[in-house]
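In structure tokens below, several structures.
Next come two complexes, and both contain chain A; in the first it sits with chain B, in the second with chain C.
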Partner chain A sequence: MARKPAPKTASTTAKKPIGTLPERDVKTIGKLVGLSEMVVKRGMSGKDPVIHIPLRTKSNTSWNRKKGILEMGDAKADRPLFDLKTAKQFMQTMLHASTIKDLIEQGKTSSLRGVFYRAKHTVAGTKENTFDTQDESDPILEDLEVSLGALREELHIFASTRGNLVGNITIIDKGDEINARRMGSGGWGIPSIVEPSALQFGKCEAKFVLHVEKDTVWQRFNEDRFWEKHNCILTHGGGQPPRGCRRLLQRLNQELKLPIICVLDNDPWGHYIYSVIKQGSISLAFESSRLAIPDAKFLGIRAKDYEECELDDGVKITLTDNDIKRANEIAAYPWFAENRPWQKEIAQLLKNGFKMEVEAMLQKDISYITEEYVPQRLKAKDWLE
Partner chain B sequence: MARKPAPKTASTTAKKPIGTLPERDVKTIGKLVGLSEMVVKRGMSGKDPVIHIPLRTKSNTSWNRKKGILEMGDAKADRPLFDLKTAKQFMQTMLHASTIKDLIEQGKTSSLRGVFYRAKHTVAGTKENTFDTQDESDPILEDLEVSLGALREELHIFASTRGNLVGNITIIDKGDEINARRMGSGGWGIPSIVEPSALQFGKCEAKFVLHVEKDTVWQRFNEDRFWEKHNCILTHGGGQPPRGCRRLLQRLNQELKLPIICVLDNDPWGHYIYSVIKQGSISLAFESSRLAIPDAKFLGIRAKDYEECELDDGVKITLTDNDIKRANEIAAYPWFAENRPWQKEIAQLLKNGFKMEVEAMLQKDISYITEEYVPQRLKAKDWLE
Partner chain C sequence: MPTTLLPDAPDTSETTRMPMRKPKHLPRATAESMASKQRDISVSEFFAKNRHLLGFDNPRKALLTTVKEAVDNSLDACEEAGILPDITVIIEDLQPNRPANSKASRYRVTVADNGPGIVRKQVENVFGRLLFGSKFHRLKMSRGQQGIGISAAGMYGLITTGKPMVIHTKPKATQPAHHIELAMNTKTNRAEVTVDVETDDFPPRRFNSLTSGTRDLAERDQFLAAKDYTTGTSVSIELEGRYQKGRGSVDEFLELTAIANPHARFVFVPPSKESSPEDADDAPLLPKGGSNGATLSEPAAQTDAHADSSAQPNTPVVTLETGGVTVYPRAVTELPPETKEIQPHPRGIELGILLQMLKEAQAERDNYTLYSFLQDKFSRVSAASASSFCQTIKATARTRISDIDHDQAERLFKVLQDSKLPPPPTDCLAPIGVRQLLAGMLKGVRAEFYAASSREPDVYRGRPFQIEAALAFGGELKADEPARVIRFANRVPLLYQQSACSSFKAVTETNWRNYDLQHPRGGVPIGPMVIMIHMASVWVPFTSESKEAIADYDEIRKEMKLALQECGRKLGTYLKKRAKMRREGERRDVFQKYIGEIAKACNAISGVDAQELYAALLEQAKRKTAVADLELDQDGKAVKDNSIDADEDGVIIVEPAGSSDVGDLGDAPPIGKPSRAEAAALKVHALRATDEEPTLIDVRPPKRLNQKGNQAKPRERTKEPQGDSSGSQRSTAPARSTRANVPTANTGPKTAAKKAEARHAAEPLPSTARPSKPRIQIKLVPKQDPGLF
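Now for the complex of A and B:
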């Protein structure tokens, strides 16, 4: 099939002179150039170019008890160019490094999928693709992140966004002053990149952050203007909060000293979400110092609530075998294993034999959760840590 | 297991006097009271109370060629109280009607799951639950919607939210003035309820709406400030846009006369999303007049783009058997069947044998989609309708 002459499609996005780039970007470009110079240098001197990639495995992850976060260890894997097993990955790593350099020089960001497509093409003169699926591409980007010691945001790559925010704070995002007190029923969408270079905090009256699991619960709290009555910031992360949401919570906690108080489901998934917010996750252990919030609090839903709040049997959802297995796994996490209140909490969940969702509280009254449950627990400081 | 004495949990959410409620709410309460009066009246006169529920099936859906939307027909099903097959559903319908009356009187809204939990309890003196799963509950709410002729939003029920908005417009949401020109990288979260009583339009310079499929593509357009350069509003609906997003697009189209221009994937799913935006869907046919946008335009991605834009083979994703089946089904929809350009478009997709995502355009250049592809197509009015 003959190709028609194509319209002119030359790139109109010029590179910015390196002197005009932010300091952080200059530093990242330095790391990328260092990587390619190492390859050239070793090649010229007849040595095999090798990249050393820190291992993101469970065995190379350890819990730092003092800091209260999960950390990545020192183990590394070699990725030599002249090895049939790793040559393709080596090429992929260099391709992505090149895309990232372009992104930084143009002052632009891209999604994971966008970077994948930038690099995905047929290798000239062959039928081989540089990449076949995004599953090959995402880990290579993480490799670059850990081996360069640069955050994904520093590599100008963003993730899907989930989560909204409303409350007594002003946020400055790319120069736009966002008054989170006047966001109507929709709220402000929490972006993927919330580093200080992109996003700063303005005036903040709020005394804490209430983080809820789901958008529907968030809507209940927003409609009842909980954040106004209790002078706080209200966020949700659409289930397991994405990096942007976690990082924003951590910055609110560290920079503005706001306690982060979570209202999640009474089930192993809710406990796991809390665990990730608090201590970090294995796959992102190299990011824990930037994402984890060791003093985050778990206010509810608690296993005792069925009794204490006099709920009807209608709220019970029977635990599945997988729930029981997950609950036991989570109970064995080192930070939970040494924590007596959490051991009691998980034991009570298992004893109950059922789980409960935050929305179960609506059974009592549409605003029971916002007007009684959360205010009473806040007042009594009745939460798990 | 003995219960501890529970803390006082009486509802603090008082009903508002009926005279203070908005006219629309008074009307909806009138409908709900009418329903229960019918039940009482028939019961007192020894007749079997019956609710008539319009059918939401394919056979009761027809395409209104003149209006260009899908519509629900007149067929109804009876739901008598004194029938073993329908008695439970009858009870469920009345329970939900009662919850909705409470919501309206309290001036509150709830999620589908919230309404489910409000009604879910053990029937006194039995081990029977009023509802077992939410799958039973949601259709009952739709039944009420169609049989009362009241929109879900009029019943004070909201859906999950997806989708963000940024651009040259001011929106007033529950009294908050939202300047969509200053939303940073996050954008404003499109709420679930966007009826004129909750949400009004302020100043709007924008000349059209560019609606893209995914948040990651939306981020690309927002970062390149496409909406500023091209004086428009930029939205996404996180895949298949939820009701709130569709309704907002329709209001922007009908009230502000803004063309709605869609940038979706070149695959049957992208075509289906467009079809729903334009003509409505079978399951929500009773809502089409409020949701469908018959003059919405499909700008891309087009099957011809692989050639016209000189893309590399890397963008090709082979059609699956299911894709081919769906493409043929969509080609047979009455509004596409009579539309020659669309017949050609789907035939070309099938001939290509591959699909392409919007993000494939990033292969050429990170901002090719925002700086060349969409501007050129807009200028040439090169789109499908």
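Now for the complex of A and C:
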């Protein structure tokens, strides 16, 4: 019953004494306790407990021209307990905080979905669930990340694995040596947590990283042993690359000084993926410094390729109104607005009136993209930055 | 022909009105000359031709009109004699074995009252003649809306069945009653007495054993009791008719009459079966279903009833049904004030009327001067203004009426129209009154909110009138239907031609959206609501001779709208307050729900005492939703401190138990508290006991949680009903209407007050639940009109 709160313990499993935890975890727990103490202090003194959550909106995001990345501003949203609109979210935030503390103390990690299930139960005395769907839960976790200033890894949460890697490199993942040269046709799944504490680089002969948009094209490159011939690392992010993939690319770029070269669709969404890889995203602006790769390069597909590569009419996909709107928005992003080649590229796209996917190259010849298109462009250094 | 009416004068319908019981008030010469003028018209012919004008359009309406005329007569007679009316209406089905699909049947309508009775020699005049006379100059508030006397009903009966009217009348308590049978001779326009004997059988005893219900009531001395009917009259008319419930039915008429005449008690014994419906339009309205069966406990404890029967109403103030017999109890014990007769106001007359008045005055006295004529025959004409009128038309104070020519008369008319005279006196009006309106509505309509307002008298065309309105909202009324409008003129319900009526237009023109109600443009507001409008006037302007709708005068409609707005404003305030309470309650509920989880989480994170944190947060939640708390808190605070209603008059709020509670926080309702319905009834009773105008009447819902978040404690119980001082019987069955020693400061030891019944309790009372009187089952009248009862 809501009137009868009687919980004494949240977890029955053995907890590690705080002292034995890594320093990073001790810090995170300190932040969680701070959150709880705020609630207690304000609650006990008759004040409305409020969680301040930095805003993850475009208006609270600014472009750091010097660093070439997106940064989050200082604006914060208040989440008071005693407001009908936010009361439930407040409760959910506290629930997740408690779940996470439990995870950290036990030295375990959990997926987003796992955390959702751990915190999901019926609100005492009602028939209402604390969370109904994972869609409700995930944003709350992001809220916690930003409001605590702790990264997802630090909260012991990981996202589902997405994106693959193959190439001339050896990777040590939680102590296991992974030879990325012998990954067969499937490649190595890029995990969600690729922080140096969990993942280190071994021997690397590769000279650059070729990042393609999706699985289909990646398979093509892998089957054609492109990475072997051109001595590179081949990755894909399954569309919009998840954080793990972006962080890995960033580390390859920063630590091993490998250039990141992208092969993405010739449409506003492909441009946006490039934009996210390069400067970071609005919703993850607080992590831009760990994720953004300001010198990432956009190799293709280019608007001019339809003519240059003498492609079939069949590859054209007419731009929708939404595409046009999106293209104009992207053209107006400050980091594109001052970039003349990019302005020309987007203007050309709009002039064409159609878009092309990377798969368009497969239509001309099954291995055209691996044997002619990419090698020629690499040689000519014909890319956008 | 000294008193001929101008044939083209408006309102001549009035001249054909049949006076009903008081021929002595009529100028006899007039009546006779009128009668002689129409001698060559056969009455039956006239009647057959004008049936529809007189309310006998069809068998169903004929039945209604008959009842209506008789009841109106009875009420008028009782009030005139200063007797609190007790009227019994019995409709016997004389062809109970007719085929199921027959449209009409033969009925015997009997209406018995406890009025003054009629002296023997007047009986024929009252019941047997169609006396034509002019009531035009007599401006007196009276019933008689239908404009047709009981004699017309008798004639209708005679035409359709050939049976004479049977009259029992007992003018003196100590002497035997007269039994008279009258048949109208249509040729001579005279009643012929076929039977004339003396009898001791009044009130007629044969009715006692008519049905199980009448037997039950008779055993308890509540049906045609000899002690209540020491004098009185009963009329029986056999006629062809059709009995069917629904709109425009006898049932509805009695319901509404009971509402507008809370000082009268009605008993209605309907026929054993309804006629088959004739068409869809006439089908009875939806039966009200279970909600009718609201629980009533035993009326008054029998002992109290006997002890107190003279002074206090010995029945509960709600309508009851016993074995098919409906009892509309008396809700107030004062008669409406006797109204005065007034002279016409100069601004209210027309030229033809003026000419006629001049002629009449001339006939009255040869040397009648205009100067004194103006002062005598009109209201509000002073000596000074009379002489100024005379001067304007170049006459002197001594000019005789006979010297006034037509030209002068016309000029006089103009001057009178333009004159700046004070409005007519209004002491000729007897409004129902806010208190009586509320009492009437409370007993007739099961709602949760009642408001009434009475406007100041106003004048249209020189005739004083007064508008009253009342609203009942919520409760058991149907929520998604248009509000029901019930209309009255001089306390008589108007059942037909609603949309032609000024009052109906006033309802549609009032902006109900201002009061948080749905209101389709040009229509009636939608909601669980009954709207009552009453017009009291010495002369109610009807749109037609059938007198079913009030004519649409701007002054009248304006007053009606103002009265409705007054009621609407009260309702709006109530609705807003209710919505606010609900919102706040929901808020607190939401917070309360989550606080527990938050306390747990904080406990898990930083080891704080969850219980302590919960208490602190809950305290805050309560503060944030203080409004809800304030409203729900009944023990701690005086209800009247409460903001909104503090200055509202004429409002009763009866909230059904549990309705206002949000969520499911409470457990068993507090035992030992009066149900709100009971408390409301007590309040009304308290009103009745004092002579003051009602102030705030407000009954609060019991609160669930007090300020500290504990469960509300039930009040101390008074467990043994028999043991406590009230000595009243308890109904114990429905949990919510548990009786208790009700703490009402203002009622004092009025025993009847404690009988106030739980009208709003939810379930029908099982008969077994009343151990003391298991054989009598009383429940609310079911299956009537959905709007009422």
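By definition in this document, the second predicted complex is superposed on the first by the 356 of 385 C-alpha atoms of A that agree within 3 Å, B and C clash if a C-alpha of one lies under 4 Å from a C-alpha of the other, contacts with A are read in each partner's own complex, and residues count from 1 in each chain.
To be clear about the criterion, contacts are C-beta pairs under 8 Å (C-beta built on N, C-alpha and C of every residue); 3 or more make two chains touch, one makes a residue touch a chain.
Bear in mind that the values here come from a model prediction, so they are computed numbers and not experimental data.
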In the overlay, answer first, second, both or neither for which of chain B and chain C A:Asp102 touches. both
Using the superposition on chain A described above, determine whether A:Glu37 touches chain B (first), chain C (second), both, or neither. second
Which of chain B and chain C A:Leu55 touches, first, second, both or neither: neither
Could you tell me if A:Leu384 is touching chain B, chain C, both of them or neither one (first, second, both, neither)? neither
So in the superposed three-chain picture, is A:Cys204 touching just chain B, just chain C, both, or none of them (first/second/both/neither)? neither
With both complexes superposed on chain A, which partner does A:Ala360 reach: first (chain B), second (chain C), both or neither? first
Looking at A:Phe82 after the superposition, I want to know if it touches chain B, chain C, both of them or none. Which is it: first, second, both, neither? second
Which holds for A:Met91: it touches chain B only (first), chain C only (second), both, or neither? second
A:Thr130 contacts which: chain B (first), chain C (second), both, neither? both
With both structures fitted on chain A, tell me whether chain B or chain C touches more of chain A's residues. B
Overlap of chain B and chain C contacts on chain A, residues 1, 3-4, 6-7, 9, 11, 102, 130
Taking the touch rule as given, give the residues of chain A at its contact with chain C in the complex, in rising order. 1-11, 32-33, 35-37, 39-40, 43-44, 46, 48-49, 81-82, 84, 87-88, 90-91, 94-95, 97-98, 101-102, 123-126, 128, 130
Which of the residues in chain C come into contact with chain A in the complex? 587, 590-606, 608, 610-614, 616-621, 623-624, 665, 709
Contact footprint of chain A on chain B as seen in their complex: 1, 3-4, 6-7, 9, 11-13, 102-103, 106, 108-111, 113-114, 117-118, 120-122, 129-131, 158, 160-161, 164, 171-178, 182-193, 198-199, 215-216, 219-220, 223-224, 307-310, 312-315, 357, 359-368, 371-372, 376
